[in-house]
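Below, each structure is written out as structure tokens.
In what follows, chain A forms one complex with chain B and a second complex with chain C.
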Partner chain A sequence: MKEIFLKFKGSKTVLEAEVINPNVFAGKKLSEIENLTVYHGNRRAKLGEFFDVEGSTSEDARELRIVVEGDLEKVKRIGENMSEGEILIKGNAGMHTGDFMSGGRIVVEGNVASFCATEMKGGEFIVKGDAGDYLGSAYRGNWIGMQGGLIVVEGNVGRESCAHMSGGKAIIRGTAGDFAGVHMRKGTIIIEGKANRAGAQMIGGTIVILTNVDPLPSFELVGEESDIEVDGERFSGTFLKYIGDKAELRAKGTLYIRK
Partner chain B sequence: MKIILKNGYVYDPINNINGEVMDIFIKDGKIVNEFREKDAKVIDCKGKVVMPGAIDIHSHIAGGKVNTGRILRPEDHRRFVIARKFKNGKFFRSGAGFSVPSTRITGYLYAKMGYTMAFTPALPPLMARHTHEELSSIPIIDKGALTLMGNNWFVMKYLKAGEIEKCAAFAAWLLKAVKGYAIKVVNPGGGEAWGWGKNVTSLEDRVPYFDITPKEIIEGLMKVNEMLKLPHSEHLHTINLGRVGNYETTIKTMKLARGLENRDRHVLQITHAQFHSYGGESWKSFESKAYEVAKAVNKMKNVAIDVGFVTLDPTTTMTADGPMEYYLSSLTHLKWTNKDIELETAPGVTPYNYSPKSAVSSVQWAVGLELALLVEDPWRVMLTTDHPNGGPFIRYPRIIAWLMSRKYREDFMKNMNKAVEKRAIISSLDREYDLYEIAIITRASQARALGLKEKGHLGVGADADVAVYDINPEELNTAEYEKIERAFSNAYLTIKSGEIVVKEGEVVNEFYGKTYYVDVEVEEELMQEVERDLDYYFKRYYSVNLANYPVSLDYLTNPTKIERKIERVKVIK
Partner chain C sequence: MHYTDVVCTFCGTLCDDIEVTVEDNRIIDIRHACRVGASKFFKASDIKHRRTKPIIRENGREIEVSLEEAVEKASEILADAYRPLLYGWSSTTCEAIKYGVFLTDLVGGIMDNTATVCHGPSVLAFQEVGYPSCTLGEVKNRADLIIYWGSNPLHAHPRHLSRYSFYPRGFFRERGMQDRELIVIDVRRTDTAKIANKFIKVEQGKDYELVSALRYVLNGGVLKKDYVAGVSREEIYELVDKMKSCSFGVLFFGMGLTQSSGKHRTIDNAISLVRDLNRFTKFNIMMMRGHYNVTGSNEVLAWETGYPYAVDFSRGYPRYNPGETSAVDVLVRGEVDAALIIASDPVSHFPKEAVKHLLRIPYISIDAFYNATSMFAKVYIPTAVAGIECEGTAYRMDGVPIRVRKIIEPPEGVLSDEEVVRMIYEKTMEKIKERIEEEAAEKVIV
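So, the complex of A and B:
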């Protein structure tokens, strides 16, 4: 694995840097990488203006890891559209990190802002801290959210995570804000902590909540199950099984809540 | 500016010109008699097709629900973006939206295809000011708005009471007040019933409170239309749109036109007939009944249709038929919104993805084409998609190519759900439209339907709205359908009001077109009676003052009045 190190010099204004992507870096010299375009407010700028670039490049994106260092809360769109390789973010990351990714792996050691891993199709998106709102959801207005791949958040997530989820798996170790999995069609969400109003308007897919919470009243209790297995994951204990959201026509979503 | 279009193959059905090689002379915005070439701009159109500018009689391009659609669909705007452009010392503005484009690019996109006029078909009177504000920022094309009346409280009240003269006077007042062009009826009575959580499903159903039937509303307004001698016919979206097995209602609806006549045009337009030609018992047995509907149209000489083709694209549906939109959204689980307009109408909006893989969508695609191919008289057919309901208007060139090329239809069907072969008859239809027939359904029949004598043809005195396409009829091979589609997508030349606005598919000039509206004067005593009612009901039920209701001409670009003077409103029995 070849590594490229990007050290953030800071910026007062928001920076859009979708070029930080192994697919884009592959086959480029360090000087070419420094010359890539980023958007600084309404101005075009060069990546090198905002980042020190070091390390060694590769022809093959699969053999490339980009390590980004610094407080990147104001840097948006890192890893957007990536399909191969790795990005390691040592710090917090801004909005739209990992949007539309279809493969490869992004690891964020800090927190991520809202609208990250939007409409993700494949790959892995790992967050050691917390995530903002709309993690793995559909982009504004759209009705197809995450379609494949894996999201893992060690901390808490904000509201409407995995909205319109249509495939893939998301594991949330902490608490989920309101409406996790709203409008869900397919896929799996596992929430270890509390989750309020999870699965509203879902018509398919499965949500497992490992903490005892009240479901929305439009979910129908169909029975109890013990030591369940969902999407390759096993969970011990007794679970209440609900079908819903019955506010929708012919809804067949499954909601497990630990008893 | 003087222009001569030299040696093109001219297709001008209103003047019976079918592909003759001719010169067209343009001066001061009009088609004129021959003049000398000196100081005129001479354009060589050899080997090219020359047609009048195309007309779209039914396209939701402005108004309350169109804007509601834009707000509802940011993702539609994200997928289709046109950047600002600098050309000939002018800035052409940016815009976005595949199925609900923003106003400015609506004008550009129409002009690019050789279209020079489009009417928005569902003006809710109370939203008239807003609708005209949107229309007034659509450049290049001429415009107009059909006015919703089929669920209007005054209309239902007068018709129920048998006061058809008053209904006519009210319609005249309303058209003038909102600067509307024609009587549009959508799901008559159903919109009002929706306010009570209900709908109407047969022509004999009774509308809550008003106790009137859809049949009585349709017939009443058809008579009102002729009593006022309006340029266009009643423009009717009948009940049960989009419902399985609705074709019988459609045929029954057409029969309501029996006995009524107009010398210049049909008396009833069944709009987006495609959405009303469905058979089957349930969605599982959904099938085309285009054959039956076309047969009825062939018999009823005083009825015309605009097709409302389905183009198999992801689009936005929007109709004044609120309950239908709600029903559709509950099937798709997609977002939906309603826009209640007080005493007048209640449109709904929801996205819809017509997928070629879906049995229902692929049959709907066939239904539209079958209607166009089976109705024998092209003068009673108009090309529309009910934009954006069946698909966006930018797909018209593709529809033209489907109609002209059997091969295109066959190739397109290869990737479609097999239902299209079993539950529709499209694959057995050999007919291919020729350029003359295309000119009829995209220009001539639409101009005639609108009753606009200066439009849709290239005779002396006509408005100089002209489209030139890079197609050589002598070498036309309908198996090469991509060429047809490309040529109609990118007009070689679009001339609007005698000025060149598009060159080789690119907009090069812009200004504002005319906005047509109807002004009918009826006898004073009758109008006074209606005004007393207006006063009373506006005070009681409307949220706006009567004086603030009419739209002034300041809101219209180049307002163009079609006048009628009725000495004495005569009841048609």
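So, the complex of A and C:
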């Protein structure tokens, strides 16, 4: 696997760098990569003005790993639309990291800001730290959020993660903010910590919460199950099984809460 | 001089039956207006309370300058900025907002209006589930069940109850309030709750749970819990029965619901409740808008750009994502490097972190009244008060456009918001053209 190293030198205001993407980098020389357009506030600029570019390139995006270093909170849209290859972010990542990704793999060693992995269709999005709000959800006004792929967050996530989820799987090791899986219709969310108002207005899909929490009043208890298996994952212990969110007509979502 | 049918430009109710008496370009008497509206008319015509000369601040010194110099300085600040924020736009006319959109497009900035800290979440909810609404005229003539949720119109919109909702006699409600029922849902017994037929006290921040329980019962569910959000099961069933059995219901909601925990999801759920109720009867929902033209500000932005607030032009085309491009968020994250604040006072009302950043950057304040934001502005330009000293268009809270009138002359040399924003727009256009030409010339040399 070939590696390209990008070292962030800092910027005055937000930077939109959707060109940091194995699909775009593949088949380009380092000098060509330095000349790619990024958006610095309301002006156009070149990638090389903000990043030191090193390493070796590859013709094939699948053989390419991009390693980005630095505090990237101000850098938005890394890995947007990517379908192959790998991006490793050593530090915190900014908004919209991994939006619309359909394949490949993004690993963030720090935290990610809000609106990451929006409307993801495939691939893997792995966060070692915490994630902000709207992780893996839909863009404003859209009814279809994440449709496939895998999201793993080792820390906590903000509000409305996986809103309008329509497929795929999300695993959250910490706690989730309010409204995880709001308006969900398909897919699986596994939350190991606390989750308030999880599955609000859901009509399908499955949410498993491994901590005892109170569900919304519009969820109907159907019984207890022990040692459940959901989407290839096994969970031991006794779970309360709810169907909901019955505030919606014809809702068939499943909510498991550990007893 | 006696004027009739003057429009009061204070709150979103836009009362259009005010009578004003003017003598020597001063307002001496006002009829029909509420105390809040009347005080705005009196304050506007009392020049002692206003500053009428533009100001530039440099090195802590305040210099009174001509309008042209102030406009020159303002356009310099905007043309040099990488990520300018143009905020306010709710207490001014649609004509000024139109030039605001042109200006933001030109400088590649972010345009946001006060809805962002007000009914912004409601707007987000409409985009997901729609807005089953009506006009206030329909409420007056037809409504027999009026619910105010998280809203205290007796204080915030004093004439709302008497002009449109509860007291007036309407075409199908000939006996006025005797033909109607008023329910107030709030976290405390407000003055509106005291005159209501029924008051339901909801636990703070639990509005979402209450709406969910109402929808659950409406859709045939059986509530297991005795209390949801501090409201008893019996009260929930009774409320659902009332909502289902009325002939024309309307749910007015204010900040209490919009800014309650859950924000746009609470509104999303409340709108879904109203949508579900329409399977049984006619039911509507309406926002209680605060500023007199915040609706107009959303309308103008929506018809110019497709989005109602928090519109980002940084890449040359409009984009929209509240949370990313909304005024408070861009300020708190320190992204903005210049600002234009018009007809608004964020220094008094924004969170501390946002204000701290605003005070670090150069910004322009355009306002008829000298406020806390103007006190720290690099450039302050006074303008005429819309609806009193200049005319224009404003939108009432139900989306009805109303022409506001000019009844007195503005102080000498003071122009309307529309003219000032247009002047800044034209000057900034010149500056940006110069910059582009310079950059092109540099490239040729290289």
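As a working rule, the second predicted complex is superposed on the first by the 259 of 259 C-alpha atoms of A that agree within 3 Å, B and C clash if a C-alpha of one lies under 4 Å from a C-alpha of the other, contacts with A are read in each partner's own complex, and residues count from 1 in each chain.
Criterion: contacts are C-beta pairs under 8 Å (C-beta built on N, C-alpha and C of every residue); 3 or more make two chains touch, one makes a residue touch a chain.
All values reported here derive from a predicted model rather than from experimental measurement.
Visitor: Overlaying the two complexes on chain A, which is it for chain B and chain C: clash or fit?
Guide: clash
Visitor: Scan A:Ile203 for contacts with chain B and chain C and give back first, second, both or neither.
Guide: After superposition on chain A, A:Ile203 lies in contact with chain B alone.
Visitor: Just checking: does A:Leu249 make contact with chain B only, chain C only, both, or neither of them? Give me first, second, both or neither.
Guide: both
Visitor: Quick check on the superposed pair: does A:Gly232 touch chain B, chain C, both, or neither? Answer first, second, both or neither.
Guide: The answer is neither, since A:Gly232 touches no partner chain.
Visitor: Kindly classify A:Gly223 by the partners it touches after superposition: chain B alone (first), chain C alone (second), both, or neither?
Guide: neither
Visitor: State whether A:Val182 touches chain B only (first), chain C only (second), both chains, or neither.
Guide: second
Visitor: In the overlaid three-chain picture, which partner chain does A:Arg140 touch, first (chain B) or second (chain C), both, or neither?
Guide: A:Arg140 contacts both chain B and chain C.
Visitor: More chain A residues touched by chain B or by chain C?
Guide: C
Visitor: State the stretch of chain C that overlaps chain B in the combined model; pick it from 75-83, 129-137, 327-335 or 435-443.
Guide: Clashing stretch of chain C against chain B: 129-137.
Visitor: Intersection of chain A residues contacting chain B with those contacting chain C?
Guide: Of chain A, residues 139-141, 143, 183, 201, 248-249 contact chain B in one complex and chain C in the other.
Visitor: Where on chain C does chain A make contact in their complex?
Guide: 81-84, 107-109, 124, 127-128, 208-209, 211-213, 215-216, 219, 221, 223-225, 228, 261-262, 265, 268-269, 272, 276, 313-315, 320-324, 335-337
Visitor: Can you list the residues on chain A that touch chain B in the complex?
Guide: It is residues 139-143, 183, 185, 201, 203, 248-249 of chain A that touch chain B.
Visitor: For chain A, which residues count as touching chain C in their complex?
Guide: Touching chain C from chain A are residues 12-14, 16, 39-43, 74, 95, 114-115, 133-134, 139-141, 143, 160, 178-179, 182-183, 197, 200-201, 216-218, 220-221, 245-249.
Visitor: Which of the residues in chain B come into contact with chain A in the complex?
Guide: Against chain A, chain B makes touches at 72-76, 78, 330-331, 333-335, 351.
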